[in-house]
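Two complexes, one shared chain (subunit A), two partners (subunit B, subunit C).
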Partner chain A sequence: MQKNFIQQLHPMTKFFFALFLSAAVLIIPGHLFSFLGFAILLLIAVAAGVVKEFLGTVMKALLFLLVIIFLMQLFFYPGDHVLGQWGIFKWTEEGLNYGLTLSSRILAMGSAFILFFRLTEVRDFVKSLEDAGLPPMGAYVVLSTLQIIPEMRRHANTIMDAQKTRGVETEGSLLIRAKAFIPTLTPLILSSISSTEERAITLESRAFSAPTKKTSLHKLTKSTADRILPFVYITILVGLILWRILT
Partner chain B sequence: MKSIIEMKNVSYRYPVSDDQIIKNASFTIEKGKFTAVVGNNGSGKTTLCNIIRGFIPHFYKGELEGEVIVDGKNIVDYQLGQLGEKIGYVFQNPFIQVSGVKDTVFDEVAYGLENLGVEENEIRDRVKEILKLVKIEHLQDKHPMGLSGGQRQRVALASIIVMNPDILVIDEPTSQLDPIGTEHVFDIIRLMKERGKTIILVEHKMDLIAEYADNLIVLHEGELVLQGPTREVFADPRFGEYNIQYPHVTEVALHLQKNSVKLNYVPILDEELPESIGWTSLEESAHD
Partner chain C sequence: MNRSFKDDFNMMSMLLIPIGVAINIVGFQIANVLRLPIFLDTIGTILIGVVAGPWVALLAGLITNLINGIFNPVYFPYAITSMAIGLGVGFLSKAGMFKNIIKTIISGIIITFIAVIVSAPITVLVFGGATGSTSAILTATLLASGQEIWGAVFASSFVFEIADKIVSALIVYFIVRKMSDRYLSKMNYGLLYMKRGGK
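Moving on, here comes the complex of A and B:
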């Protein structure tokens, strides 16, 4: 698949941007900039052609959390300027402002990292970490953990199917499905532990601990933009910090 | 010929086991020879492979007695990483032989060479050559986790032989393959032998062992009960005592012998049957 300019950026450039945006929303007070930050992320997602997937993940991962955080702050944050009351619950201006600030910051920061993983393949990110000095063992742990999740899901389905063939009821209401799922956990966890041992041997059979410097067929290159952008982030951040100190 | 693997009175017990899985085994494997290891399930074949490869005692602890000498050096004196360059090991279960960190079969096969620090262009050339040899070129862009058992078995074999080790330990490489795939794997193993590799193969397909293996080791309940040139071991009357399958032609010939047909020798290859029972040609048998 052809990658566009944003996707082609070095993983570290994209990662630094997520960090930069997260720092910026913490430095700038209020909620307006945080919402603006989210709008910027949306524009980047549109430009990179991943807006649908990005918004889908944000909704799934953050929406519920944000609503809860906002409501909790709205109703329970201490404040004197009461805006309204419903039964024993009253909401204040301070609660509204703090709820908006906190939820908008979490929205911006969470979305920044969601967008980062939407725009960056995990293996590229891990390779960039390796290039930055992460030992091969650490890189393997990160990569294999992420790849093992779908494998475990497949394995869980296999165990469920095996139980189904033995007459265990696995379909129906939530309670029935939960009851069927719990007995799969023991074989799933035990087999995962034993497969860890097998995987270690697999790695050894592929000379993982050979006493030589490893080569890599997968290479990442840095463009001019990749060299310039981190300095732009730092300059803006320093400017923001000075602005906060001086005002 | 120079011996490359030597076992002297080797016994082994897994950490959680009360019984010895390998009991006082001694044998020598010569460089460049193809040795097959046969035995019933639970006879200790895979454990023997793990000992030769050094996973015992470097990875699996337990009690290892005796001496295992690989290329003149005791296995305990090797580092596990050094053995990775010397001995390639294809596991019985191909589903665990995928690294889990590569997105394509090409990269999966290249992984061992990357770990060995082979130069990039050479990696690409060697991987292409091996993919062609193992006939999995068409799979090179597929995800290793999405392959069938037979396909994974071929990828596992390719991933090991691409590393060009001197010794190949191969544990039931054809268990998930159809007859044509099985023949092809044996062709590759034969080719490896022609290239001077020492091969230790665990297999249940006796017809193919009879055709390809130079030597045979028979394990029974952890004991090494028979060893020697393949033909001699199959012809040994004691072989029948261990309830291990003979090559089909041998089984037919021994059945005929029981029914008073005199055997000139015990055949192990299909084409030897007429001569072994005294027929000079198949036409003669038709006249009889």
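Moving on, here comes the complex of A and C:
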């Protein structure tokens, strides 16, 4: 994959940006800025060339949730200025405002992290955490989890097919479907845990738990932008907090 | 058993974490494929809590939500719930609460309370009372009938959690029963569940 300037930034720089935007959204009241924050994220996604994946994930993960949250606040947030009524449901000005604020904040913060993970490979992020002091064992656990999940998903399908061949029903009433869960999960778990022993032996034979400094083939570099940007974030945040206190 | 915090983190239990996290995620997917009405997304965390203790399970719960959060950030705040479940199960296991079916069901009920008490404040404070799950409909119905927001969220999440957690605890109980003594002897809390040789 061809990497552009934004994707080449150090993972921590991108991670701090997601945190920075989340904090800014919480400091500034009202919903206008939060929607602006989402627009900024969208622009970054366009500039980095990941806009399709970004919007796809935002739609899938957040859209339904945001609609529910907005409607809940609109109808049930306590307030006196009634704007309209429909049956037993009535909506108020306070509910409308709070609904917009809450859903726009969740939109901005959620999509900040979605964008972060679209721009950063998890491998790079874990490596940067390791550079920042995460023990190598922790890094190994996170990375091997990511590797095991698709492996186990395939394995689960194989087991399910095998059990179907033996006559285990997976269609029908709730009870029949529930009964198919155990014969799928039990062999999956028991066979997976038996492989941990081999992993432990393999790691130990490579001196993984030896108390020395580990060297890594995978290295991350920091550019000038990576050194400057965190300070820019902090300066803006301090400015925002001062502005909130003084006005 | 007197174990210090650090003793819990040996190589074997750390290597169980990826498996447990994958069981959480794959178990949820199998439940989806079979169109079961419950989530079954904490089986791995509970399993780790039972055989490897509270602190390893806490870590497994955290990692589960971080990895789910990569694709759906809504999971991030609920990491606290998963961690609390792991911790709670670990201490229940230490107290021998997974030794027979009756005790396991009681453990399932205790886990439900832990899950509801920790997750309801997150639902109310972070998401204003509703997440995109089916329990939102129940919450809305309770609110429309004049309930307080806290009462409504507690009640609806309790209804949706209780079956899920009791079934998960029972599944873990049967799986631990099927584990070999040879494997259990290598786990920190395995001695409690070995068929022979235990004190």
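Operating definition for what follows: the second predicted complex is superposed on the first by the 219 of 247 C-alpha atoms of A that agree within 3 Å, B and C clash if a C-alpha of one lies under 4 Å from a C-alpha of the other, contacts with A are read in each partner's own complex, and residues count from 1 in each chain.
In this section, contacts are C-beta pairs under 8 Å (C-beta built on N, C-alpha and C of every residue); 3 or more make two chains touch, one makes a residue touch a chain.
Note that the structure is a prediction, hence the values are computed from the model and not measured.
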| item | value |
| --- | --- |
| Touched partner set for A:148, first subunit B, second subunit C, both or neither | both |
| First (subunit B), second (subunit C), both or neither touched by A:175 | neither |
| Subunit B versus subunit C as contact partner of A:210, first or second or both or neither | first |
| Subunit B versus subunit C as contact partner of A:245, first or second or both or neither | neither |
| Per-residue touch tally on subunit A - higher for subunit B or for subunit C | C |
| Partner chain(s) touched by A:72 [first = subunit B, second = subunit C, both, neither] | second |
| First, second, both or neither for A:132, with subunit B first and subunit C second | neither |
| First, second, both or neither for A:123, with subunit B first and subunit C second | first |
| Partner chain(s) touched by A:106 [first = subunit B, second = subunit C, both, neither] | second |
| Partner chain in contact with A:199 - subunit B first, subunit C second, else both or neither | both |
| Common interface positions of subunit A, toward subunit B and toward subunit C | 144, 147-148, 151, 199-200, 203-204, 208-209 |
| Subunit B residues within the subunit A interface of the complex | 53, 55, 59, 79-82, 84-85, 88-91, 93, 96-101, 103, 107, 110-120, 123-124, 145, 159-160, 163 |
| Residues of subunit A touching subunit B in the complex | 123, 140, 143-144, 147-148, 150-151, 195, 198-218 |
| Subunit A residues within the subunit C interface of the complex | 57, 60-62, 64-65, 68-69, 72-73, 75-77, 88-89, 98-99, 102, 106, 109-111, 113-114, 117, 122, 137, 141-142, 144-149, 151-153, 156, 160, 170, 174, 177-178, 180-182, 184-186, 188-190, 192-194, 196-197, 199-200, 203-204, 208-209 |
| Touch list for subunit C against partner subunit A, complex | 9, 11-12, 14-19, 21-23, 25-27, 29-31, 33-37, 40, 43, 47, 59, 63, 66-67, 69-74, 76, 126-132, 136, 139-140, 143-144, 149, 171, 174-175, 178-179, 183, 186 |
